[in-house]
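Dropping the structures in below, format is structure tokens.
One chain, subunit A, appears in both complexes that follow, with subunit B as partner in the first and subunit C in the second.
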Partner chain A sequence: MAQSVAAAGTATPASKARRPGGGKSVKRRQVVAGYCFIAPFFVLFLAMIMLPLFYSGYLSLFRTQLVGGTVFAGIQNYVDAIHDDAFLEGVWRMAKFLFIQVPIMLVLALLFALVLDSGRLHLQRFVRLSIFVPYAVPSVVGALMWGYLYGPDFGPFAQAARGVGLSAPPFLSQGWALGSIMNIVTWEFVGYNMIIMYAALRSVPTELYEAARVDGAGEIRIAWSVKIPSIRSAILLTVIFSVIGSFQLFNEPNLLKNLAPNVIDVSYTPNIYAYNLAFVNQQINYAAAIAFLLGFVIMVVSYVVQLTAQRKEGRS
Partner chain B sequence: MSASATVEGQAAAPARRQERRRKSPFGHRSTPLTVGMLVAVAYFLLPLVWLVIASSKSNADLFSTFGFWFGHFNLFSNLHDIFTFQGGIFGTWIRNTVFYAVVSAVGAALLASMAGYAFAKLRFPGSTALFSVVIGAIMIPMTALAIPTYLLFSKVSLTDTPLAVILPSLVSPFGVFLMRVYAAEAVPDSLLEAARVDGAGELRIFMSVAMRLLAPGFVTVLLFQLVATWNNYFLPLIMLNNARLFPLTVGLAQWQSTASAGSGSQALFSMVITGSLVSIVPLVVAFLFLQRYWQSGLTTGGVKQ
Partner chain C sequence: MRRFRRSMSVAAVAASASLVLAGCGGGGGSEQNAPKKAVSQSAIDKAMNTPTTLTFWSWVPNLENEVKLFEKQYPKIKVNLENVGSGADEYRKLRTVLKAGKGAPDVTQIEYQYLSSFVLGDNLVDLAPYGASKIKSQYQSWIWSQVSRNGAVYGIPQDTGPMGLLYRTDLLKKAGIKPPTTWDEFAQASKAYHQKNPSSYLTDLPGNDPGQFVGFLWQAGVRPFSYDGKKTVSIKLDSPEVTKVSDYWTKLIKSGSVATDPDFNDQWYQSLARGKYASWLTAAWGPVFLQGTAKNTSGLWHATSLPQYSGQPVASGNWGGSTDAVLKGTKHEIAAAQLALWINTNEKSAMQLATKQFLFPPSKNVLQNSAWLDQKSAFYGGQQVNKEFAQINQTVNKNFDWLPFQDYVYSAFNETVGKAIAGHGDLTAAVKTWQDKLVSYAKQQGFTVQ
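== the complex of A and B ==
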């Protein structure tokens, strides 16, 4: 991302001072126009992102007491949060999610993208669109549908198991629920990530691996040492978006909660916890601290991912 | 590698693609590979196939027949049920969803195009710093903003109104990033210079020259914001109380929780399922028909960093 910022600064070096008289006023007009063009976006950006962000930070420094109303509490909410087992369990659960689901999803996406790019499939278009189609399904509907598929009554898995005399698989039990949610999210997002990687693969110049082919390298060898390195930036993008997405998990567990209220509780994910604190318990200040802390965790993890990727790039 | 990626997405890439396939010494199609991929395809399609089959069944048949086989064909009666239940509120939810999604998507794409174009093509002090702020905001989890936004909106009586869902959806930092990258490549500086020499103002240049070249990027941002708003659940769940303002996602979730609670309303299962099917059809169709656009747009986002 830094690259493109740098490119912006040097985009029009040749355009300056072509007409000695008009140069200055053209320049000034550009400055005015520049601010005018970004103004509508920035007004809303400030109101809808920066203001809530700072307000949330501000709120998190107070607490409401039964006696004395709202008082300044400093970092007490944050101290409470990092000692709050309900919050920590949720973060830990999301970390597991991140380390198990995200690699599975992205490896599948990369594998499918490479297979599609090799051009060796029959029904190429059909395969590509079928894998992508779940992305167009709202996560609410995805979770509803999988919830019924998992279900013990009319879910086909349970029906099939009963058909051969087994008991229905306990998809939404304590031990299985997280895995079942991982499956739903994987189903929803493999196609989206695959399309991003596939699009990047499409723009790798063919000459890069024609040479390798002439030297006798096989498809797998080319994929590993030419194609994957060339789309590193696209892969990094999918990793970062997946990190941001998985820590924010809300929709799927919140809908499955109705089917398994004893397994998926009010603090199953940090986001569900913050939601319940704010709207059920009316603990607005504490909820703000939780949300802020979650945002901080996400920023740190994304940053670490980027740094690791950059260091690797520097080494190779 | 970057310069050609986006623009060629439209015109040159198909030609190159065929050429690559023809040239490849490994170019023969592989049946085992295809069979392997069809197994993967089955995983992605079967849940949707189940949804289609299940929405053709009555509530009783859902429980008594196998999930992947048809019972009595009951689809039209199910459709009739969802559109008449609770005074036809499902129709209202569809209208709300379309309204929120279209207004947010058009607005967000327009704002992102103007800002992205300005960052890419106009020189003004502070542009690099401001752009960095926008990029940084991509990392901010939107759900962390929802609660403070709700509190701020309630202070100005905006909660439980359509604006509460639309206003936050108009801001797409990623859209600005995408449009900045797109504008840098799709709009040649020489064209802008020529227009300036002819005495055209910046606004006119943007409207009559740049916008035309930015159209594919604009459609991409529009489509993705459309999906994001159409599928949004957390924000409307927080902001809206009045069921007549709900979008489909919140409405269906409410039906589902009523159905699971099983409070004498067993028939809701087939309605939730049929309603789910109806709610995904428009987006799936839109994606299939607008393939060319979103695929070229994703190239922009994925290739350039």
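== the complex of A and C ==
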């Protein structure tokens, strides 16, 4: 597809030379038409994302007290946030989440995609659908369901464990809670990532596989040396999405909070912390600063990931 | 790809930022209303005969029945009743619409402990000139002190929650344990019960319910919070009475004789229904919960007063209860005030709230009404539960004040004392940490702390 776009691009100057006098206005009309098509998106983007962003940034430069009103605070909120143990702990927890959950999930997704692509599986469509179904389940429903499964008294794992004489696994205890949440997020998103990789695999020209087979490569060697490098950009896409998603974790811990309110505390993730600062402590300026700092952290990590990927590409 | 990535990060920041944007804080300093002249009856009559639409936010189940009675009495007034969530969920929305300046209801339900935070933001209309000052005699002084400050009345009491002990008669009998009447007996009974039933407990002390724990402090005579209505608060959580309560529970939890599971979640409802907890130290609205979630245990419960401190006069605490308040910015102050007053003080409406919705009545005319007192409850094996709680109600210790940032007080409780409860740690040290957090928050927000 990329090739046909390039071909169309090179074709235009030639056709322009032939068109009598109407070339420039046609081009302008096309440009105007283009802007009109993206205008609805841009209006919404500006109103719903950029404006609140600027307002939030503006808010983060002030400080509102319950007694005494609003004063200009400059970057004091940001300085406080950098020294805030609760915030830093939350970021560190998300970094742990990132380095454990994301590789596991993406390796699984890649594995499933490769297995599906190999064509050796029966009931392809059924398997594909059933791996994807958790993504279609609303995350609220999913988290509540897993909360029940994790229950120390009436959850099935606990009952099974007690049935064989062991004590119930402490899924939502201090040490295990993060792992339990990682499990839920993996279950939810492995299908989504798998579909992206599978779609990329489907568009790899099969001549490459034939060439590799002629050279004597087995299926696994083909997967490792031909398929994975061909879908590198799709894999990078899923990595970036996962990095951003893992730092923004909010839904699953927030829904499980009811079940383990003393483990999943007010600053369990930076997003939960910002939410509680705004709505419980009524410190919206500080919450805005936390949100911006989090965004900055996400930007830095995404950039580093991109850089590493490009350097690897450059080397190969 | 790079452009995509940047817009995704921007979107990420914006997503979290717009979460924040929706929040809001209370206004600046508050000015207390000087007691106004009473509104004349003719002005009230005129307002009640003008076609008006009022919005009423409340989470009381089936409140439409009382609203219908009101509309029958005043056919020109139409009331839009909306349930936007209970407790903290509703307050979040209230603070948002108050900050936005539009979308706020005329009348709203606010629990006692949160009233002062709305008074701080100068969000409530003083109801004294609209007839609220006339109903003062209907309420015990501790209830009135929660809704009235310096002669102004900010909310009409709707229900309260005097605390008692609900226990399973069958489970205690099977374990051969007499229902405890003092805290020492309660501790012994917990140990004995848990020894006989290793997989269940006499009761559960949750790590996420500050309302209950503060109720225990209330019973013990503690007055930890106070707010003068302007800029000064006092936070005293280090008195010997507080230590008495925290030491007691530290010991009991460490002995493993009580559960420390979080409450009001699915797991906890199941536990109550299946007999994991043989009793519940709760308020007068407790029976309603049990009847909903532990239907299968109907007839097996009994209500009595909280365990007492030996040598002290009989006392109880209060846990929860709400008022109806009128928000400033309403275009129909008289009608809104009449709605708040009528729903809670009209005899038929108040009786209905007590007998159909099982709200524990704060007003003397219902508390002394034999039709309500003599109601027998099948869920409690035929006990006249209302009479029991009415007697307990008389022993609720006098005035108790709250801080104007109770959301934070409760959230900080979960972080400190709640964590210690769940982790079987030292509650007394955790209470000290709780106090430190509250003091530093109060100072940071501009209050003077005594």
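The rule we apply is simple: the second predicted complex is superposed on the first by the 294 of 316 C-alpha atoms of A that agree within 3 Å, B and C clash if a C-alpha of one lies under 4 Å from a C-alpha of the other, contacts with A are read in each partner's own complex, and residues count from 1 in each chain.
Definition applied: a contact is a pair of C-beta atoms (placed from the backbone, for glycine too) under 8 Å apart; a residue touches a chain by one contact, two chains touch by 3 or more.
For clarity, every value in this text was computed on a predicted model and none was experimentally measured.
Colleague: Kindly classify A:76 by the partners it touches after superposition: subunit B alone (first), subunit C alone (second), both, or neither?
Modeller: neither
Colleague: Applying the document's definition of touch, where does A:56 land relative to subunit B and subunit C: first, second, both, or neither?
Modeller: both
Colleague: Tell me which touches more residues of subunit A here: subunit C or subunit B.
Modeller: Ranking subunit B and subunit C by residues of subunit A touched puts B first.
Colleague: Quick one: is A:118 in contact with subunit B, with subunit C, with both, or with neither? Answer first, second, both or neither.
Modeller: First partner only.
Colleague: Which of the two partners, first being subunit B and second being subunit C, lies in contact with A:266: first, second, both, or neither?
Modeller: After superposition on chain A, A:266 lies in contact with subunit C alone.
Colleague: A:287 in the overlay: touching subunit B, subunit C, both, or neither? Say first, second, both or neither.
Modeller: The answer is both, since A:287 touches subunit B and subunit C.
Colleague: Which partner chains sit in contact with A:278 here, subunit B, subunit C, both or neither? Use first/second/both/neither.
Modeller: Touch status of A:278: both partners.
Colleague: Contacts for A:66 in the overlay, against subunit B (first) and subunit C (second): which applies, first, second, both or neither?
Modeller: A:66: touches subunit C, not subunit B.
Colleague: Where on subunit A do the contacts with subunit B and the contacts with subunit C coincide?
Modeller: 48-50, 52-53, 55-56, 59, 147-148, 153-154, 233, 236-237, 240, 244, 247-248, 258-259, 271, 274-275, 278-279, 284, 287-288, 291-292, 294-295, 298-299, 302
Colleague: Which positions of subunit A touch subunit B when the two form their complex?
Modeller: 1, 3-5, 7-9, 11-12, 14-15, 18-19, 26-27, 29-38, 40-42, 44-45, 47-53, 55-56, 59, 108, 112, 115, 118-123, 126-127, 129-141, 144-149, 153-156, 159, 187, 190-191, 195-197, 199-200, 202-206, 210, 213, 219, 230-231, 233-234, 236-237, 240, 244, 247-248, 250-251, 254-255, 258-259, 271, 274-275, 278-279, 284, 287-288, 291-292, 294-295, 298-299, 302
Colleague: Hey, which residues of subunit A end up touching subunit C in the complex?
Modeller: For this pair, the touching residues of subunit A are 48-50, 52-53, 55-57, 59, 64-70, 147-148, 151-154, 174, 233, 236-237, 240-241, 244, 247-248, 258-263, 265-266, 270-271, 274-284, 287-288, 291-292, 294-296, 298-299, 302, 306.
Colleague: Provide the residue numbers of subunit B that touch subunit A in the complex, in ascending order.
Modeller: 1, 4-5, 8-9, 13, 16-17, 19-21, 23-31, 33-34, 37-38, 40-41, 43-45, 47-48, 50-51, 54, 62-63, 66-68, 111-112, 114-115, 117-125, 127-128, 130-132, 134-135, 137, 139-145, 147-152, 167-168, 170-171, 173, 176-177, 180-181, 184, 189, 192-193, 196-197, 201-203, 206, 227, 230-231, 233-234, 238, 248-249, 252-253, 256-257, 260-261, 269, 272-273, 276, 279-280, 283-284, 286-288, 291, 295, 298-299, 301-305
Colleague: In the complex formed with subunit A, which residues of subunit C make contact?
Modeller: Listed in rising order, the residues of subunit C that touch subunit A are 1-2, 5-6, 8-29, 88, 92, 95, 120-121, 207-208, 231, 262, 264-267, 270-271, 276, 404-405, 407-408, 411, 414-415, 418-419, 421-423, 441, 444-447.
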